[in-house]
Amino acid sequence: MAADRPVKARPPRGGRAPRSARRAATGRALRPWLLLAPALTVLAVLLFWPLARVVLLSFQDYGLRQINTGESNYTGLDNYRDILGDSFLWKTVLPNTVFFAGACVGLTLVVGTLVALLLQRLGRVWRVICSTVIMMAWAMPAVTGTYVWIWIFDPLDGVVSGGLDGLGLIEPRETNWFTDRWSFYAIATLNVVHHGFPFVAITLYAALLTIPRELPEAAVCDGAGPWQRFWLITVPTIRPAFAVVTILSIIWDFKVFAQIYLMPGGAGANEDVLNLGVWSYIQSFSRNEYGTGSAIAVLLTLLLLAITVVYVRALSREKDEP
Amino acid sequence: MRQSFRGRASRTALRRLATGAAVLSLGLVTACGGDDGDDGASGGPTLEVWIMEGTNPDAGPYVAELQAAFTERTGATLEVQFIQWADAHDRFTTAMAGGELPDVAEIGTTWAPEFGAAGALTDLAEQIEADGLGDDLVPGLYEAAQVDGAVYGMPWYAGIRSLMYRSDIFAEHDLQPPTTWQELREVARQLRVSEPDMIPFPVSGGSEYGLYPFVWGAGGEIAEQTGDGQWRSAINAPEAVEGIEFYTSLATEDGLSVAAAETWLETDQLESFQNGDSAMVINGNWTVNTLIADDPAWADRIGVVPVPGQDGGFSPSFVGGSLLGEFGSDEPELAWELISMMTTGEHAAAWAEQSGYFPGQQSLLEEVQQEADPLVAPFAQAMLEAGASLPVTDRYGAIQGEQVVQGMLQSILSGDRSAQEAADEAAAAMDETFGG
Amino acid sequence: MTRRTSTAGRIGIAAAVAALLVFTLFPVYWMISSAFDPDADHRGSEVLPAGFTLDHFRQVLNEGEFTRYLANSALVGLGTVLLSGLLALFAAVAVARFRFRMRTKVLVMILVVQMVPLEALVIPLFLQMRDLELLNSLIGLTIVYLAFSLPFAVWTLRGFVAAVPSEVEEAAYLDGCGWWRMFRSVLLPLVAPGLVATSIFAFITAWNEFIFAFVFMQDDSKYTAAVGLHRFFGQYSTDWGAVMAGSTLITLPVLIFFVLVQRRLAGGLASGAIR
């Protein structure tokens, strides 16, 4: 992972890099900030400040009237109290979010890793074919992909219903995949994994490429079996890359919005399938309760933050062990 | 409201619209060349108006004419922006936040109380009274615009849902359009036998407007206002539940619908009718124009009757439509001038005729009914005799936004809940919103 | 390696390849074949389309103004790619090559902003863009996407910059180069693969994004492709042939772009993630 270089670089204080740095000491102190300035300005204006505004909104009873007049209307922790006291959060929204994201992250990583390992074993021609095809899955934008999956599972004319009907397994007139919580999320999971695994596969495959050719051969000479080779050589090589794609997958999959919102019933008609992102959006834009919506968004951010912190901690602990 | 108007566009309509838009954009270029601020090139002020896209399949000429007439009458420039029904609500909200609202805009009836309560809309009561227009407005629409004595919009055009059926198929099997609920069930059952590949009567879980006639027809209400002005849901009262039970039982007990319809929106239902998959649907009068515009042969295949009453007569149906609201314009006189130009007299009549809706002026509507077109008159009759409106409160907009009624329908149709259970939950959800 | 693979292993690999191809390609195939199918709406489980027609594409291109939407998307995408590459590179050099106070804090903050659900930012960002007078402009949209793609780009590029041995830089200094010269002729070429990776990510971000494009653009002549498709879906709903044709049109440019750059991409992503 990207964090280890500075960690290594810190102890030898009188090392080479600092000496050259000292040569142009005055200019250099400012230089990192000059380099960071454009990016930080953009982030500050377009992400940090709006984010701060969301936090401020979450402490208010903010409706259309406030939107129109721009007044503020602070109510303290009321929004949070309402949300956290709502059994709907604990019984439906939170489990949906966590289990769905968990399933997506898990499956994306498993499929992605397996595909990366597969690519490594393929000959040149098939490797090019497979990686091109993987790119196709990645290239399909989320909105498009969602419409395609809806069409595939269309209860009346879709290929899945049609196929199962042809096999005599279901009665298409009596089956709707989108009303049931489980089948709804199964479809959404397919969609997210299909769109998400290429990133994991390509990244991990590239990481596998960095294994020096001599290493596995040496291991074979030493009598290591394929399983041992996998654990002793492959796993440590891809671990840093794996950590990064895991964090990114967690962040992306907890925030899934379009893939749920655009599905039939996903925009609020079917309460059973709401996740935190969609719930927040519906509270804000459909019910005009921007304060509540913002509070949900803040909770989602905190949840992600907590998961990431725990994960990064676990990683660094692993790293410290020899 | 958001789903209620989405079903109109058809391929042909869109093609015409594209031409219209091209004409329109040319018109705009010439009309406001070099216009950056509030003052047009002609020196007069500029008024911005938002109109929903797709209502009038060929809006270009209408807009050009309106712009010319408006400039001639007032010397001001009129700028027209078309926006989409499906997303209009979010767009108004963000524009409100950003102070980017137009001077005048078309709004759905249920938004008037919502935006009015937010203080974004101007009360038009005085102007309407001064011009003596109040008595001649279609009641369902006019009521929807009134909150505590204020009038937040001027009725522009209206539509109503009725029962549309395939007259060719009915004739083939010698069936008569239903006049009571029982007949509706019977006819649909016969259709299921004689046309096994068709869906006799899809019960769409994503459309609330198909349900309302049955709630009202059974004598129920969606919500009632108590003495102190507080609204309370009545959707779980015995009468309303009877209506809900009847409507959903067509699907769950008689198998007259399909499972796919559990998540259908009104547009999907229209699409299935258009594709020849469905034999009867509850849909709006504007869709008749869409169908015929797409394929003239529809004129011989389609029949319309008002949604039948439980034991004869009509079930009340929701009068949908649009108001023209003024969003705190800097030029209130000009804004009102524009509103009255668009909602009364020739421009109103022309718009209604082109779009397939009914004018919001009672006198114009009666003229339409007297023409006795078999595809128009039943709708006009339903509107005059059985028009109903939804609870007029800004809270109902939030309830619709949350899709409470659709959620109730879906849980009954998918078999998760009984009608009473689902209605109890829906009532609780509504009361929470009303109370808060 | 293949030499040592047993027959069973080969069958296993073949099966895995087949499964991968089916899972990956099926939706793509179904989208494209439905777009050409004259009777797409009633296709059911027919593996082959009922015929071949360009009507759906014609309909989409004529009526949905798709060409314009695609051009808008391409413009915004390109702008985002260029800007995010440039700004992220500067920022990456700063965090990878310099030790300064708050360095870790800056990095953590950049990671944290990625976690905010963007839907929650619609209203505040709208206000922000109004204040900057950038609503209803493709430039404004580009800047917003720039902000969305920057965090990932900075994190990825940081790995690349760190991977360039500082000896190489020092050699350049010894040759009498100034810092800027060194940056341009030594560092930049070495991190080029990383720039490819971040470009792709930025492009996808811009190409995919929907809500902000929809809310910020008031003229429909400025809609992007995703908004155009959504609007089209709203109007035609279950006219699957046309919706799939529109989807194909949106996917195609990305697809071509990806296939062209994929070999560089693999190297790019990995070195960024590893170091």
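Letters A, B and C name the chains as they come in the text, with residue numbers starting at 1 for each one.
We take it that a contact is a pair of C-beta atoms (placed from the backbone, for glycine too) under 8 Å apart; a residue touches a chain by one contact, two chains touch by 3 or more.
Quick caveat: nothing in here was measured; it's all calculated off a predicted structure.
Trainee: Per the definition at the top, count C-beta pairs in contact and tell me whether A-C or B-C has more.
Mentor: Answer to which pair has more contacts is A-C.
Trainee: Let me check something: if the centre of a chain is the mean of its CA atoms, which chain is farthest from subunit A?
Mentor: B
Trainee: What whole-Å value do you get for the distance between subunit B and subunit C if each is reduced to the mean of its CA atoms?
Mentor: Between these chains, centre-to-centre, one finds 39 Å.
Trainee: In angstrom, rounded to a whole number, how far apart do the mean CA points of subunit A and subunit C lie?
Mentor: 15
Trainee: At least two other chains touched by the same residue of subunit C: list those residues.
Mentor: 41-42, 122-123, 127, 238 - these are the residues of subunit C that touch more than one other chain.
Trainee: Can you list the residues of subunit B that touch 2 or more other chains?
Mentor: Touching at least two other chains: 90, 97, 272.
Trainee: Where does subunit A touch two or more other chains at once, residue-wise?
Mentor: Answer for subunit A, listing residues that touch two or more other chains: 67, 154, 285.
Trainee: Which residues of subunit A touch subunit C in their complex?
Mentor: Residues 1-2, 4-6, 9-10, 16-18, 20-21, 24, 28-29, 31-33, 35-36, 38-40, 42-43, 45-51, 53-54, 57, 67, 114-115, 118, 121-123, 126, 130-145, 147-149, 151-152, 154, 157-163, 165-166, 194, 199, 202-207, 209-210, 240-241, 244-245, 248, 251, 255, 257-258, 276-277, 280-281, 284-285, 290, 293-294, 296-298, 300-301, 304-305, 308 of subunit A touch subunit C in their complex.
Trainee: Across the complex, what residues on subunit C touch subunit B?
Mentor: My answer: residues 41-42, 59, 62-63, 65, 122-123, 126-127, 130, 135, 214-215, 218-221, 231, 234-239.
Trainee: Inside the complex, what are the residues of subunit A that reach subunit B?
Mentor: Subunit A reaches subunit B through residues 63-65, 67-69, 154-156, 172-176, 178-180, 264-265, 267-271, 282, 285-289.
Trainee: Could you list, by residue number, the parts of subunit B that touch subunit A in their complex?
Mentor: 89-90, 93, 96-97, 114-115, 117-120, 205-206, 255, 258-260, 262-264, 272, 277, 394, 397-398, 401-403, 406-407, 410, 413-414, 433
Trainee: Enumerate the contact residues on subunit B facing subunit C in the complex.
Mentor: It is residues 6-7, 9, 11, 14-15, 17-18, 25, 54, 81-82, 84, 86-87, 90-91, 94, 97-100, 265, 267-268, 271-272, 275 of subunit B that touch subunit C.
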